[in-house]
Amino acid sequence: MQKEILIAGFGGQGVLFAGQVLAYAAMDTGKIVTWIPSYGPEMRGGTANCTVVIADEEIGSPLVKNPPLVIALNLPSFDKYEELLAPGGTLIVNQSMVDRGAKRDDIRAVFVPCNEIAEEIGDRKLMNMVAVGALLTALPELSLKDVEKALEAHLPERHKHLLPKNYEALKRGFEAAQKVPA
Amino acid sequence: MPAKGWIEVSDTYCKGCELCISACPQGVMELDMSRLTPRGYHPAHTFKDGCTGCAICALVCPDAAITVYREITKAVPATA
Amino acid sequence: MPKEMWKGNEAIAEAAVRAGLEAYFGYPITPQTEILEYLSKRMPELGRAFVQAESELGAINMVYGAACTGVRVMSSSSSPGVSLMMEGLSYIAGTEVPAVLVNVMRGGPGLGNIAPAQSDYNQAVHGGGHGDYPRIVLAPSSVQEAIDLMVLSFDLAEKYRMICMVILDGSVGQIMEPAEMPEMKPIVRKDFEWATNGAVGRERRILSSIYIDPPAEEVTNFRLAKRWQEVQADEVRYKEYYLDDAEFVVVGFGTAGRVALSAVRAARAEGIKVGLLRPVTVSPYPYQVIDQLAGRVSAFLVTEMNMGQMLEDVRLAVRGRVPVEFYGRTGGVVPFPDEILNEIRRVAAGRLSAEADPRVSWLTRMASVK
Amino acid sequence: MTAPENLVYDRPEAFTETPTHYCPGCTHGVAHRLIAEVLEEMDLIPKTIGVAPVGCSVFAYNYFDTDFVEAPHGRAPAMATGIKRVLPDRIVFTYQGDGDLASIGMGEIVHAAARGENITVIFINNANYGMTGGQMAPTTLPGMKTTSSPNGRDVETQGYPIRMAEMLSTLDGVGYCVRRSLHDPKNIRLAKKAIRTAFETQARGLGFSMVELLSTCPTNWGMKPVEALKFVEEKMVPFFPLGDYKVAAGVAQVKV
Amino acid sequence: MPKEMWKGNEAIAEAAVRAGLEAYFGYPITPQTEILEYLSKRMPELGRAFVQAESELGAINMVYGAACTGVRVMSSSSSPGVSLMMEGLSYIAGTEVPAVLVNVMRGGPGLGNIAPAQSDYNQAVHGGGHGDYPRIVLAPSSVQEAIDLMVLSFDLAEKYRMICMVILDGSVGQIMEPAEMPEMKPIVRKDFEWATNGAVGRERRILSSIYIDPPAEEVTNFRLAKRWQEVQADEVRYKEYYLDDAEFVVVGFGTAGRVALSAVRAARAEGIKVGLLRPVTVSPYPYQVIDQLAGRVSAFLVTEMNMGQMLEDVRLAVRGRVPVEFYGRTGGVVPFPDEILNEIRRVAAGRLSAEADPRVSWLTRMASVK
Amino acid sequence: MTAPENLVYDRPEAFTETPTHYCPGCTHGVAHRLIAEVLEEMDLIPKTIGVAPVGCSVFAYNYFDTDFVEAPHGRAPAMATGIKRVLPDRIVFTYQGDGDLASIGMGEIVHAAARGENITVIFINNANYGMTGGQMAPTTLPGMKTTSSPNGRDVETQGYPIRMAEMLSTLDGVGYCVRRSLHDPKNIRLAKKAIRTAFETQARGLGFSMVELLSTCPTNWGMKPVEALKFVEEKMVPFFPLGDYKVAAGVAQVKV
Amino acid sequence: MPAKGWIEVSDTYCKGCELCISACPQGVMELDMSRLTPRGYHPAHTFKDGCTGCAICALVCPDAAITVYREITKAVPATA
Amino acid sequence: MQKEILIAGFGGQGVLFAGQVLAYAAMDTGKIVTWIPSYGPEMRGGTANCTVVIADEEIGSPLVKNPPLVIALNLPSFDKYEELLAPGGTLIVNQSMVDRGAKRDDIRAVFVPCNEIAEEIGDRKLMNMVAVGALLTALPELSLKDVEKALEAHLPERHKHLLPKNYEALKRGFEAAQKVPA
């Protein structure tokens, strides 16, 4: 088994942390995993992305050209990775920040209004967790519980009080994605 | 009575850093939260009358985003 | 110890600490700065020496000084910074004191960029500073390997009184993987018979790289060469994948080797009998295993994140017996498995380049890529 | 209504169209603007060759409408020397950060000054290494937290800040050496005057000229741009006193 | 022009002046200091730029600056000093500006000594600075050749916008021989389309080695590689002695090559059919001629004043077809013709070393010498 | 008749048997002797690690009966830093010429001083590069002829001499920084006091200490040793004034 | 009356540089042109009485070649 | 034809210049020649030597292990090079500075009191020229005249007035050597 997940968005949208949560969950459930960020020029700003590879044997390349699983948190990422997504792959799109539908029909695009959902929960920062929750519908290797456990185990103490809301964000995202017709 | 002036803030250059706003002696500037520049910033603008064209905003602007005009024609060298 | 999630650069720093690092001297440079930043907090905590030097030149000479006292000492930098250390490295080598240097390589030449690259291979393995001197060079491809090789680097440097470099590309420095850290080694100061740590109750000692009389310098060069023969005999390390029944072999180190592994697996899935050799010590280089392989396989495909540097070492080992092909990406570009898979297919199909120098046909192929 | 005669201030000619990559509110931009204004006022644009450092201002060459080269970290004064020695009639300036000039480039700056190289140096002192993410610089204030002095700079083990303007002023080759700040309109005006004087010094062949500018790094200081200006005024200025540290006789004549 | 007696170092300096040198930046170091001292007098006489830099680091970056303006500029140093120039060289290469650097090599590693050596071959030809970059390296063996190659170096550097290094061992720098100087070239400032000399009446120009976007850096590396292919095609230079009927071939550059010539003559006198190949450009290296020779001769004997560096290039060209033997002296020791003659006799007698690496048996032979 | 009680002066214990390789009358030898006497008087011989430079004193390690290392040209302060940081209870000193310290080693010496490294630097200013045959040094006097300033140092193109003691004294990390001369008995006595004070400064952990010593190079100056002493007195002392440039409060207490 | 002293000049170390000679307040030293040291120098020596054991010669000697003695036993610290 | 000459003595005995005079003479008479000094450590003093090779085709090594012609101006040089001299070679010894005769009998040792002769001429510095003159008896390729011409052509202007004495030194050395039984 090997699954590659690419998460992309603006810096500040919690792209890297979203990937790390998945990586921790994979590690804690005894899988082999890699997490690698795109590290930009020696200066500020711009878009960020990271790739998470989950497998049950030694992982070769931590990067893939055509990932089967993608989370696009903003329009530029949607534009870029819709093209690169592997045929038959799943693309979780943050509906709140894109104004168009999918162009390809050989992929499964799941539109989730992550910002809105996060704001409903009361913490706009959690939109990345909403997206992660949505992704889990396409990643049987990790359950909601696995990710919740990972958050609990690895969230820095000072953020522990945010756990309930994180759980909710994951759940809401998961449900929202399930509702979307396959 | 003070001179009357006005400014233009370039969407290309403004990064919404607010330095001009805090420097404006007339307190007539603020960020325009109603819009984003192409590069994703809320640009500065004058939200009420009172600009004297003193060009202090331009003097402190790190991005040379502000052009300053004045009704009276004799241009005072602002930054020399 | 249980596995924890570690970022390459920080894992390297912590592994060095656990291996008994007593002093770190460095200067910030992307993509290795996390090593320095991590140690700026960790070393003082433990009451060990940390100095952000005025430059890489300062750093390597602080390392030189501390190394002369016999403690475990290291520096780390990235390509341009490492170039500034060449005189110092040559002095350290000529003085025969142990020192560890990490190079998290980035795109070059010149200022280039900060993306992952392997284009300092020749500098680390062959050229570098002036004069002849052997140096051990380790090339990890994962966080766990980086940890293990960091610990090893201090042992080897000490055992052979030699420079031990650890070269990795930016992505090994930035990647996060679950890995196991070694136990914290207690600091035990060995009083080496050569260390200049104050002549208390013993004859005074001198450490220098001067041999003003040429024959004496020649003897020194021979002594180093003899010691190098031991290293070549005992310290060669590499990893083999699917070699038993391989009809041809991909050779790559660090990230390029890792990416090749994915490609090799994909090729195997297509029924192509290809194997992978990933050198772990690039100096001493696994010439022998390649020499033997050259006796039974039909071709080699060398893949690197540079213009073809380790390639020459493979060619030296193969000695023209079978074709050696090359595929590289450079300037900070990391190849995807598909690219290497395509090359594997090409070689499997027997479309080999005619020229003596495989770079020539590679460059033409790359042109058509653009 | 916006006829040219109404124009009080416009973006300097010496600038290209390119927006800078600097963080919002970073006063690197102000320093750039002042240099551009001076080059324009002195009509030096075609005569000038700039030397960019390694640092946040590594891309300075994108913003000035003059010839530009980009130096290895700290070596800008050496490159400038090479250029000026073969093109003495050109105006050559370096633009350097405090890591670049005061740390790795110490040897080159001191010797360019000692040789009295007829070049102009604009020295941006923002008390840290911006580009690499906010490590300690030779100019980092005692006790100041950076990513490589996580518990605040401990002068016992990490040394004391270096006051470059004061130090270089001890050298005979120096024609003009001052420190200014960019934290408010008044000081920005004084900074521009100093930059003008520095270029005049070079234009008249009066030796080495340097303007040290106290500047902000909101991003790595973790402050809003406006707070960062306050930090300069309240914390940096007291430690790095503003003033003229050396004004050679010939330079004193120069009226700007 | 009539021949005059010239000392190597001074001849190099004067030849550079005649070739249109407009600026020299250097720092004293034995055995090359005469170049700097000579130019400290000569350049000001001619109203040209001379600066004794604060260090080799300063010197190479002054060269970098002046090179960006398109004038003919050089520096010179010796081994430890050259090691300090590695970052600068990589920047110059990455910026694609022409520059000339002379390395009068001395015994190393470290401070070593000041006697003649060739142990910076790998640094000059293969490793050196970080990143991939081609560089032209010329290796004179006599004063006349040093003069001719100095002049050539500026032309090549300019033509290919590349670093051109001239590497010689201390004895070529110190020897006196009758030699002919070229006419004094008048200085003509070519306004190269890339030179940053002030944007008067033209678009502004930028010179830098940054390509923050990896694909752009890769394109740059490919551009340099393409240019290097031209150099390889057009600029290989070497000297042949007695090769026509040679049964085996001695290969050596610089002083080692010239000492070998005496040995080859002596061997011929004994009826041994041996020839000599003396590479004049060691980068680009005369692979082809060796490749061809390997087709018809029975062995090669490589002789160097180091531990066996160029040896690898010969082995790459020979590709195992015939044995490649090695004889070196190092650390500042210059071999006498007799020593090489003995080696020639050994090879002629067919006593060849078994090992893949000829250094192994050489070291054993040297041990018995001591 | 030559009983110990008659002994007024004998070769210091801290010296080895080896005769120095210095030219006859070169005051490098005097500097060595003073250091040896001080190490002996302070009973520091076993505790001390010396750092030799590249220069005529490259072989200094042959003469002192202490541990010694030999640094790359100019980098002695960095090596000393490396040693002192791991062996804080040892006494670490560098011995450097003016080419080594003031030219190629400028960056290292300034930063060692700025960091307040607790090391002692003995700086031999002989106005030229002795070992390589008498080239110009940063300390070469204006108009002085050397093999790389054949027409005499022209300050316009070759720059001005650097006064290191003055320059380093501007740094907060410096505990003790003075200039002395070796040209006559009185000054030699003062030089020894200063060297003693410098080592006391280190022994007490009072920060960076440096003694600059005006010294002769009869060989490359082309003078008889006795003439060379006159040259120091008449030409060098006026340009490099003797005196205490920085004596930190703590150091002022030290009585030697 | 002045103290009486004497010196020993070591042949191993003396390089005949004459610094001691010019420094000697009593002018009792000179180079011994009649002999060469093993290292090929004419060594310094006292050529007449009058040495007071002031040790100034030793103080200026770059090669620590001179040992100084005095008749009166209380040794004056010469070089402190 | 190829002849190798090694000249050795103390620094200050004019060893290097003696070699250069021979080199100039060889050059001016159309021969191919190399002159190479021993350049010692970066410090002062000690002994010096230089090797001159005269030939009529491209010269290979500028150094030889066993030179056929040697001038030894002092005892250490005599000791060292008597051993290294090629069998049948000629060794010009400065008798004024050696206190022993030759050990080998397979060489021709020519003892010439160079210092005394030079002092007779009135310039002790010229002892090196006396030795060169003596050497010429064993170097038919160069005549006294050739060397005189070379001196005239290459002696710096300010030393030209010394020419006559130089000539005399050469001649006296030549004659002294001739007197020595072969």
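The letters A, B, C, D, E, F, G and H name the chains in turn, as written, and every chain counts its residues from 1.
Rule of thumb we're sticking to: a residue touches a chain if its C-beta (ideal position, glycine included) is under 8 Å from a C-beta of that chain, and two chains touch if they have at least 3 such contacts.
This one's a predicted model, so the numbers in the text were calculated from it and none came from an experiment.
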{"item": "Graph distance between chain B and chain F, where chains that touch are linked", "value": "2"}
{"item": "Of E-H and D-E, pair with higher C-beta contact tally", "value": "D-E"}
{"item": "Centre distance in Å when chain C and chain F are each reduced to the mean of their C-alpha atoms", "value": "41"}
{"item": "Between chain C and chain A, distance of the C-alpha-averaged centres to the nearest whole Å", "value": "34"}
{"item": "Inter-chain centre distance, chain B versus chain G - centres from mean C-alpha coordinates, in Å", "value": "84"}
{"item": "Shared interface positions of chain F, touching two or more other chains", "value": "23, 58, 70, 72, 103-104, 106-107, 110-111, 115, 132, 138, 158"}
{"item": "Two or more partner chains touched - positions in chain G", "value": "none"}
{"item": "Chain C, residues touching no fewer than two other chains", "value": "30, 51, 54-55, 57, 80, 87, 91, 95, 110-111, 113-115, 208-210, 212"}
{"item": "Residue ranges of chain E touching chain D (in the complex, touch as defined)", "value": "22-23, 25, 49, 51, 53-55, 57-59, 61-69, 71, 73, 87-88, 91, 95, 196-201, 204-210"}
{"item": "Touching residues on chain D, where the partner in the complex is chain E", "value": "45-49, 51-52, 58-59, 61-62, 65-72, 75, 78-83, 85-87, 90, 107-108, 110-111, 115"}
{"item": "Interface residues, chain E side, partner chain H - complex", "value": "3, 5, 30-31, 113-115, 170-171, 174-178, 258-265, 334, 336-338"}
{"item": "Sites on chain F touched by chain E in the complex", "value": "54, 58, 70, 72-74, 99, 103-104, 106, 129, 132-133, 135-136, 138, 147-151, 157-158"}
{"item": "Touch list for chain E against partner chain C, complex", "value": "57, 79-80, 82-84, 86-87, 90-95, 105, 107-115, 117, 119-120, 122-133, 208-222, 225-226, 229, 287, 291, 306-307, 309, 312, 315-316, 319-321, 329-333, 356, 359-360, 363, 366-367, 370"}
